[in-house]
Each structure stands twice: as structure tokens, then as C-alpha cells.
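Chain IDs A, B, C, D and E follow the sequence of writing; residue 1 opens each chain.
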Amino acid sequence: MSIDAAAWDALRLSLWVACFATLIAVPLALWIAWLLARRDFPGKATLNALVHLPLVLPPVVTGYLLLVAFGRNAPLGRALDSLGLTLAFHWSGAVLAAIIMSFPLMVRAMRLAIEAVDPKLEEAAATLGAPGWAVFGRVTLPLIQPGILAGAVMGFAKAMGEFGATITFVANIPGQTQTLPSAIWAALQIPGGEGQAIAMVLMACAVAVGAVALSEALARRVARRISGA
Amino acid sequence: MSIDAAAWDALRLSLWVACFATLIAVPLALWIAWLLARRDFPGKATLNALVHLPLVLPPVVTGYLLLVAFGRNAPLGRALDSLGLTLAFHWSGAVLAAIIMSFPLMVRAMRLAIEAVDPKLEEAAATLGAPGWAVFGRVTLPLIQPGILAGAVMGFAKAMGEFGATITFVANIPGQTQTLPSAIWAALQIPGGEGQAIAMVLMACAVAVGAVALSEALARRVARRISGA
Amino acid sequence: MSLSVDIAHTFGDFSLQVTFQAEGGITALFGRSGAGKTSVINAVAGLLRPDQGRITLSGETLFDGDTQTFLPSAKRRLGYVFQDARLFPHLSVRDNLTFGSRYAPPTAPGPSLEDVLSLLGLRDLLDRAPGRLSGGEKQRVALGRALLSKPRMLLMDEPLASLDAPRKQEILPYLERLRDGPLGLPILYVSHAVDEVARLADTLVLLGNGRVQAQGPLYEVMADPAAVPLLGVREAGAVIEAEVIQHAADGLSRLRISGGDLLLPGVQADPGARVRLRVLAQDVMLSVKRPDGLSAVNILPVKIETVHQGEGPGAAIALRAGQDRLLARVTRRAVAELQLAPGMGCFAIIKATSVAPGSIGR
Amino acid sequence: MSLSVDIAHTFGDFSLQVTFQAEGGITALFGRSGAGKTSVINAVAGLLRPDQGRITLSGETLFDGDTQTFLPSAKRRLGYVFQDARLFPHLSVRDNLTFGSRYAPPTAPGPSLEDVLSLLGLRDLLDRAPGRLSGGEKQRVALGRALLSKPRMLLMDEPLASLDAPRKQEILPYLERLRDGPLGLPILYVSHAVDEVARLADTLVLLGNGRVQAQGPLYEVMADPAAVPLLGVREAGAVIEAEVIQHAADGLSRLRISGGDLLLPGVQADPGARVRLRVLAQDVMLSVKRPDGLSAVNILPVKIETVHQGEGPGAAIALRAGQDRLLARVTRRAVAELQLAPGMGCFAIIKATSVAPGSIGR
Amino acid sequence: ERLVVFAAASLRGALDEIAAGFDGEVALSYGGSGAIARQVAAGAPADAMLLANPKWMDWLEGEGIIAPGTAFVIASNRLVLIGPQDHAPIDPEQLPELLGTGRLAMGQRDAVPAGTYARQWLESAGLWEALRTRLAETDNVRAALALVARGQAPFGIVYATDARAEAGVAILYEVPPESHAPIRYLATALTERGQSFLAHLASPAAKAIFAAHGFAEVSR
């Protein structure tokens, strides 16, 4: 296998993992963000701290905890395994790691957006007969689109860049669990690997530029729609 | 030096670095966020992508790039050095790494908040004679406090957890650049080091809980003031 | 359909303690800025949970402080037109208008989008975003949005304050039709404008400082000389019912009230219909003998019931014309010169044009 | 101080093309919802940059499309009272009120905080957050905030729409004092309410559909029978100046106009002062012979100038009383029966109480 | 079905070449020795593993993941002292003075094997006390190399294999192998198929490749 092919594989896997992670994490993060912004319940402070934890802990620790929880020999891992969902040493594990690591970023952005929604508009929707979920879906959700978008692009970028937790949890198997950051790291581990590393860093930059540009274009459309300008 | 003392040192240093990094990064991030939210200029897209880059790149690469840019032999590093600001193997280098790594999180949150400010209020301030900076200081800034706070707490958490870029850029010098994540990482590399690592992870968790709780309390006060409820 | 409100609530220094009944039709809440009108209407809509009390609509309990009952807004089906329009900024005018229609029971009666578009002149704005509307246009969309949610009752918080007079003259008859039509849609209507209130309301609740100052059927509250200061001197005047007799070629119509006939312009109702007339106290002159050679064509024999001297130079005089009550506002000097006194018979001169089409309803 | 506006701007389908001059005093922009009033005022304030044209204030160019001049809002020093209050939600009422004071030149004349608090009844609300104010309270704070920024000119976009009549009666004289006092503060005033306009304005600009339909000194535009449909039938009426002669014990005052004397209640001005009277067309009756035994005490000999038959059953009649012009609105039937025609002399009967204190100014 | 081999990252250059010569497809997953050991303990689907740190092999034996005595040495390495490109060789005794205010870059003393070996050497050379507060410890030996190559640290202790390939640095002193515990890369098979790869690793061709990358020959 030529080096270049491996780099492309890593890029493809990273994109796949990041897209998948973003897709799963967005609704989940939205729900948590909504809970944190709008509900009071026991354990709210704990949940809030928990969401931030992956930011505070070194990623290796997060990866290690994942390994302990979802390893093939761990009860949880075994249970999921028997359901056909293998996480450890599988790209789906990389997705899980990416979700966890990007979660705090997503939740924060979305929560900020939810808190900025004028409750008077939600009240107006309620007086028009809209039940709670419809108020959320037809008023809150469209109004927080910029926040969702910001969260999604940060989460996607983080998922693209996640390394420590991923390599610890799912290792660095080319074509299977080797994401772009793992490949870059591995390239940096051998003498003369900088050339390869630079090529892959440029790939990552290109993805970042693309994702950011796309999100900006979407954000402009959303903003135009919301401000009605 | 007993292990426990080293852990406390690492915690102290991490807190110091994170606080310092947050203090410096907040105004800087606010400025960039404002530029991105409110101005159009050539190179805006590039700046925007650049801000996101530390999310996408593996931290090692960021650390390496910092070394290239701010190393002793790099012009920038030399210039700073001659100004008496030594970054090499110094906690100030850890601060720089933490700033860069937490920058995307801060900028995004603040930008989101700035974009949510009703321009009609800024217009109203202008008609009352307030020049641009006063409009920002007396209207925009107070209104985006929740975003600043959210950005600051995310940035602080990230700064507490930063590891890869820091150790690559300024190594792991106890009392100088050995932050809590470095210490946790080191403990995990030794068979049987989990015990120590867990103790330090708990420290990190405590900090996260504390920071999040503090930020929530502040956010509640700010929100009460803004909504006038 | 009857609304019964009996609530108490405190905001800091301000305390609200309001009890009133509205038996269908249009109930006007009238009062100065800060009197508590919006707070009352919010409590009815379910946006404010009062500290205590009870709100019922046609027997259904919307709120009961004792039993901790609180029906959520969405289940109350009350169409609320807010003081600030509160349009959804991300939806076009069309989507704002139709927002609530899907939550109404499919069989619920109500106006069609077409009706609302023509009534409110919104046809050209359908694809506009709310941010690009003028102040009055926003308010019209808000009104249309509430109507199209097919509510059981309309709550209107100064819905016409930002509208020009011609537009008001289009909307007011429509509200009357809603009230009187097969729906019999009851309306709780907040307004500063006495002429709107006089024209529309069946029941009048005068609010002041969080308390009900006077309440009752419009005819009674309006014809009460004691209510003159609450309503404003220039705005006081009786409201009477009349039957349309015939329309003449020059546009004047003959209307019959119990005390005689009146000739008025601009009456739209068919002969035989009953209409409501507002006769401003200041538009009624008194003469001790029947005058002639006057451009005023309406002269009614009346009996003075009470003479209510206010603080200023004017006096409010309650008159009986047949079974109807009229209110005249004259100067004290006139009271003295003409020796006006209760029990005295005289002639009320009402200028034909002073009963504007706008104040004729029902 | 003179404002000159000559601008053109297009929003989608709507095109604005407005040219007018305001020579100090109060200039009213009057027009239906969507006519373009807010757009004009925004352009003057610097919140809308017109596609082309020119705006100057006392010789200073605020905007010039040709030279690309555009003075930023903050440098224009115009106090803008917005149609929506736009209070700063994070500041207390006090901080909202004093927001602009530090940017005004220290020597600039203007009202004190104390003045504004008493005028607007805001003293108890000083520490309140805007979110806890009623609709009318917000509007009052917005007005106070603009006044306290010591502007060179006030721009008011329906500032009184959400205020009750008594509060309006307090604020209107204050605006008149601002206009007439040592400041001579010019005001650009948007309103739907003809009575406010008639009372306050020196210059009237009637806007319709983005175009100026009529403009000129208030006395002329208001007494022009052709303007009746633009103003609304019920609101039309001449505005005349009178001199206060003396106050009688019963509260009536004798005022002299060129055509004779009038007895009116509630005149606050001292003898010798000149006041402005609004006489609604519908409050003027015509009689071919001098009537007696009437409660109306004001009877003026007049000459009919024109008879303007509208579309409805009424007619607007321009009258001359001495040098003053009056407008009477009578039924067509009365025109026929009394054979009213230009050149004919007759008597105008004006009810004393129908010239309410509110419409007496200056 | 391809073979999966988990290997210490520092073996990468040589191992990639060796795997290319293997009869069959091999996926090499590189990581830190500690991470690999933990992953194997957690059930990683590896057929064989190669670690740079014997302590972790002991740990796996202790945990009962691999049978005692199955691990064997496949390569060895040497430590060198490096400095700027044009620097003359030095006597380690001079190191404390030559460092000046600079720092000595090396792997983290406890966590990174190269750091542990370096510390053992410095201790045996009697330099530890003088230098231990003047170190710049990194999370892997490549980072230490980068610090010296970028001039951030004047000197560093790294593996000979890394130093040879980096043009930006010069080898100033070869650390005597007997001054520290032997540097040994240990391999063990976890599956039947892994055995064949290990056999290939022991082949002369593989040994030649190791040697070409600067790894020292080991006698079994």
C-alpha cells in the first residue's frame, strides 16, 4: 500500500466519521442544550459539568475511559457487541469518540442560541394553539438555526481533528480506524515523515476551509431568512 | 518530591495557565468574533478558517507549528525573546498553546452572541449620539455577556485540558510546564499508574464542576439583568 | 359564552385585583397606561399565572388558584392580538397568518385566508418577511394571524392603535360581524380610544390602578354622568339603539329611537335593522324652545334627569328621550342662563353629521 | 432651523419619492399605514440611506446622494422616538433615560431629568427594567430618553399612539413649549391622529403611497375643503388663531378672532396671549338668521366662500369670518333646504364646549 | 484476510518495509506502548504486537493476557546525545556547562522508554543531579528530536535511529549501551497467524532492514 493511498484512506475515514458523528451528535446535543437552557431538574448541574468534562480531561483519558467502558471485555462492550454494534477498534468507536469530544462544543453553541430566543415568540405560538413540540419545531428550532449550524461546524471540525481519544479507544489500524489525525501523528513518528505529514495537514486544512465556507454560506442564508432582510 | 506534591503543582500550574489564557484570549477572541460577525474585509474567509484550524489539526501538529513560529530560532520567537517574553519551556508558552487551542471555541460562542444582537438597539444608541465604540461598550457588550461567558468557560475548560500542543511546544517541565493533563498522561504511561491518574482526573473534574457552576451562577445574574425579569 | 375573571396578582409595587364578568359580545377593558389591562388579558390567555383567583370560560376552568388548575395557553384556544405584534421573524407573512390554523379543530368555524387578506389589505404582502413591514402592517398581520387560528374568543390588546382611521373604519365593522355572526365570537378588547369602545363594546370595564373602577353594560356606564371624568370629557356620550326606518336619496336615513326620529348620514343597515348610535355629550345642545332655521335637522323633546356639575366650567346633563338616555355637555353659564334643572322639559338638538358612520354599529 | 428633504428610495415594490421643507416648528407627517412615514423619518435620522437625493438641516448636509455624503446617525444629534420603543433591555429606566446625555455638548440646552420624570410620570419606575414596563410606560421612557439627549431636532414616530388621553393632554403642551421656548426645538412628527396634528403642527405633509399628496402651512392645508377626504371626514376642520381677551368667573374665556368674539372653556393662556383653535367642520352649524334661545353661545356672522360636495351625503363649506377661514360640514339636504351658496352671508354657530381644551394651543 | 499488527510508533520506518516483504497483507497500527498494551488487554483484534517498553510486556503477562515467556526481542536500539548540526562532539561531563540556560530534550523520564533509558544513563554517569531540573521532557522521543532540530533546546537524548535520519542535528556522543538497561523491542504473537509474521520478522531479510534503519542487531 503506497503512502498516498493510506492518506486518502485516512481522509475518507475521517470525513465519514466526522459526518456521521455530527449527524448523530446534533440532535442529541440539541436535546441536552434544550434541557440545560429551559428545564430545571435534579442533577442538572451534574449533567452540565459532565458535558464539559471531555474538554477538561486530556483526550487520552477520555479514550481510556471509553476503552474501559466499551472494550470487548467490558460488560457494556460485550452487550453492545452481542447486539451487533462493535465499538472498540471499529470506525463506529471513532464516531463515538468524536461525538463525545465534540459534544461540549455543540451543546454550548446550541444552548446559547436557545437562551437567546425571545420567549414572547414562543408564547405567541402557544396562544395560537401550538403544543409544546410544535412551538419548538416551528418557532424555536428555526430561530436557533444559526446556533445549530455553529455547533455543527465546530463539532465537525473537532471530530475531524480528534486524535487522543480516538487512537486510545480504537487504535490506529489503516483503512479501518486510522483517521487523518492518527495518520498525521504516525507520520510524525518516523524520521523523514514530515513530508507525508505536511501533505495530510494540508488535506485537513482544505477540509476545514471547505466546511467553514459551507457553514458560512448556510449561515448567511439562514440569517437572511430570520432577519427577513 | 512526592507524587502527590507533583500533582498539586500540576493542578496549580494548570489553573494558573488556564486563567491567564482565558483572560488574554477573551478580549482577543471578542475582537475577532466582532470582525467576523460585523465586518466585511478581504481575507475574512481565511481568518475564519484559520480560527477553526486548531480544532481540525491534531494538537501535536499545532504544537509543532507553534515551535516553528515561536521557537527560539524563529524570527517571531526571537523578537518576543528580546522583549523579555520567553515562551520556550516557560509557562507563558503553555499559555500561548492554551490560547490557540481554546480560540475557536471562544470566537464561535462570542460571534453567535454578537450576531444575535438586534441591530435596532445599536441604531437607537447611535441616534442618541453614541459613537461606534460607545455603542459597542454600552449596548453590544452588555447584551453579549452570555456569549462571552459561554466562550470563556469553554475556553477555560479547554485550556485546563490542553495537552498535545502544550507538551510538543514547551515540553513537560515540572512546576513550569507540566500541566495537569501532562501529569495525567505521564501517569497513564506507567503500568499501574492508573491510581495516580485517577486522583488527578478527579482534580480536573472538580475544577470543571467548579468552573461550570461559577459560570452558571454568573450567567443567571447576567440573564436576569438583560431580560429584566 | 361567558368569561368570568376574579384574580389577584402582585408585581413588585403594583397590585392587580380584578373581578368582572363578560357575557359574550365585546367586553372593553379601558384604562390609563399602567392600569393593568395587559396583565388581565395575559392572565386570561394563560401567559400570566396570577397569584390567586379563578378564571372560567363558559363553565370551563382556565385557572383556579385554589385547586392549582392552570390550563396551558395552547389548550385555551383564545386568539391573542398582542400590543406588540410579535410576528414570527423567520416566517413570511403567509406563514405567520396560517401558523395557527392547523391546531384548530377542523370543523371549527372561522374566517378564510381570503377573507382576512381582503379585510386587512395584506394581499400584496404575503411573501414579505415581517422585518420588512411597516408598523401598521405588522399589527394587521398579527390581527389576521389570531383570527385565522379560529379561536373561541379574541383577546385584543390595542390592536388598532397603530392603524389609520380609514383602516379602522374597515376593521371595526368586521369585528362587529364576528361578534354578531353565527360564531358570536366574544372579544376582550383593550383600548384607549373611547370611540372604539363605545362603538364596539357590550360591556365596559373601567380599570384604574389595578382595580375595577366601574363596570356594566355599555349603555349604562356610558350614560352615567359620573363616568364622564373616567372616560374623558371630550369622549363622554350616551349610546342608544335605533331602528332604521328608511333611506332617502340624499344619503340621509331616518332612524327611530323611542323619543322620536333622527336623520343621520352614512347608515349602512337595511330598513328594519337595529343600529347603535353614539351621541357625544358635546354634540347635544339644549334649547328651551323649539328652534327653527337651523342646519341641525334633529330636534328631540327631552326631559332633564340630572345635572352633574363637574370641576371645570362644564356640566353633564342626563336627559331622557322616551326610554332612551342621552347625555349633554353644556357650559355652566348655559345652565344658569337657561335655568336648566332636573324635571324640566326642553329640546335636544343633535347635529346630523355629528353621529359619524363610525360610531354606528350593530 | 430648517429641514429640507428631497429623497428617492425603493424597497422591492414600494417606491418612496418625497420632497418637503420644514421651516422650524412642528412638521407633521400624516398618512395611512404603509405610506412611507417611518421610512422618511429613518432617512432623516441616518438609519436609512436613500438611493438618491439630499437632506439638509439648517444648511448642513446630512445626506447627499450625488457627493456620497452621509453623516452618521451619532453625529446628527436628532432625538428619535421610535414607533417601537427600542429601550435597552439591559439598562434600568434611569440608565435608559440618561443614555444619551453624555454625548451632547455640555452647553447644549435641554430639559433636566427632573423635568422629564414629572412630565412623563416616570418617577416610580426609575429602577425598573424595561421588560417589566407596560406598553405605554415603555413609550414614555423612549420619549424621555430622546428628550434627554438634548437633540437639535426631535423625530417622533407615533410617540403617543399607546398613551391614554389624559397623558397625551399632559405631553402635548410640553411639546408645544419645547417648540416655542427658547430652544425653538423643531419636531418632525408622525401621527395618525388628526387632532394631535391639528393641535401641534405648523407644517403639514400629507403622505400617500410614498408620495407627498399635499403640504403647506397647517392653516392652509386644514381649511382646504379638498383636503377633507385625505384627513378623514370626521377629523377635518379649520385651525384659527385667536387672542385671549379675558377670563370669566365660570371658567369661560372670551377670545377674539378677526370675525368676532368666542366664549370658550378651559383656556389656560393669559389675557393678551394668542392661542390656536381647532374648529371641527362638524362642530359648526349654519343658520340663515341669527338664532336665539340656544345653549350654543358662539354665533359668528360669516360669508360662504365655496361649497364642496363630496361623495357622501355631506358637504364641506368654506367660510370666511373676518380674515379667518372656517370649515363647516353640513348635510346636502341642509345645503338644499337653506339654499347655501358661495357669496351668501349667514351665521356660524359654534358650540362653546366643542372646542376642547386639548385643541387649543400656542 | 489481512493480518493486524499493533506496533510501537518508533518502529514504523523499518516495520513498514518489512511488512511490504511479507507474503500476505498486513495492517500496522502504530501507537504508544502503553496504549497498545491496554488495547490488547481490552481485546484488540491484533494478531501480533511489538512494544518498545518491556515493562508493558511484563504488565500484560501479569494480567494474564499473554503467556509468560512468549515475548522475544526482535530489535535493539542505541541512545545518542544530539546537538546542533555543526556542533563538534562533546564529552558528556561538559553537558551541564554547555547547556547554559538551555535545556536538555529527552523523552519523559517515567513514561517514555527513551526517557527512562536516558535517565538511567545520566544517573550512571553522575549527571542526573546536575541536569534533572534542566530537562525538557516530551511525550515521545520524536518531539525531543524536533526541539533540538528547531534549536529550541541545544542538546537532546534520542534514539540513534531517529538521529541518523534527521539532517538538522548532529550526533555528539554515543551513549554506551551498558550504561542503561538494554533497549529492546519485544514482540509477541496473539494468534496463530501472528506467529507467521513474527517468523518473518526474524528472517534475515527483516534483520537487514532493521539494520539499515539503524536498529542494532540482537542476539537471542
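In this text, a residue touches a chain if its C-beta (ideal position, glycine included) is under 8 Å from a C-beta of that chain, and two chains touch if they have at least 3 such contacts.
Worth saying up front: this structure is predicted, and the values here are computed from it rather than measured.
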Touching chain C and also chain D, the following chains: none
Chain pair with the greatest number of C-beta contact pairs: C-D
For chain A paired with chain C, centre-to-centre distance based on mean C-alpha positions, whole Å: 57
Between chain A and chain E, centroid-to-centroid distance (C-alpha), Å: 34
Distance from chain D to chain A - Cα centre to Cα centre, in angstrom: 60
Numbers and ranges of chain C residues touching at least 2 other chains: 84, 128, 132
Chain A: positions in contact with at least two other chains: 60, 64, 185, 188
Touching pairs among all chains present in the structure: A-B, A-C, A-E, B-D, B-E, C-D
Of all residues in chain A, those that touch chain E in their complex: 60, 64, 67-68, 71-74, 77, 88-89, 167-168, 171-178, 185-186, 188-193
Chain B - residues contacting chain A, complex: 45, 48-49, 52-61, 64, 104-105, 108-109, 111-113, 115-116, 146-147, 150, 153-154, 157-158, 160-161, 163-164, 181-182, 184-185, 188, 197, 201, 204-205, 207-209, 211-213, 216, 223
Interface residues, chain A side, partner chain C - complex: 120-121, 123-132, 134-135, 138-139, 142-143, 225-229
Contact set on chain D toward chain B in their complex: 45-47, 72-74, 76-80, 82, 84, 86, 88-91, 99-100, 103-104, 128-132, 145-146, 149
Residues on chain E engaged by chain B in the complex (per definition of touch): 32, 34, 37, 55-56, 58-59, 62, 103, 105, 108, 110-112, 135-139, 143, 146-147, 150-153
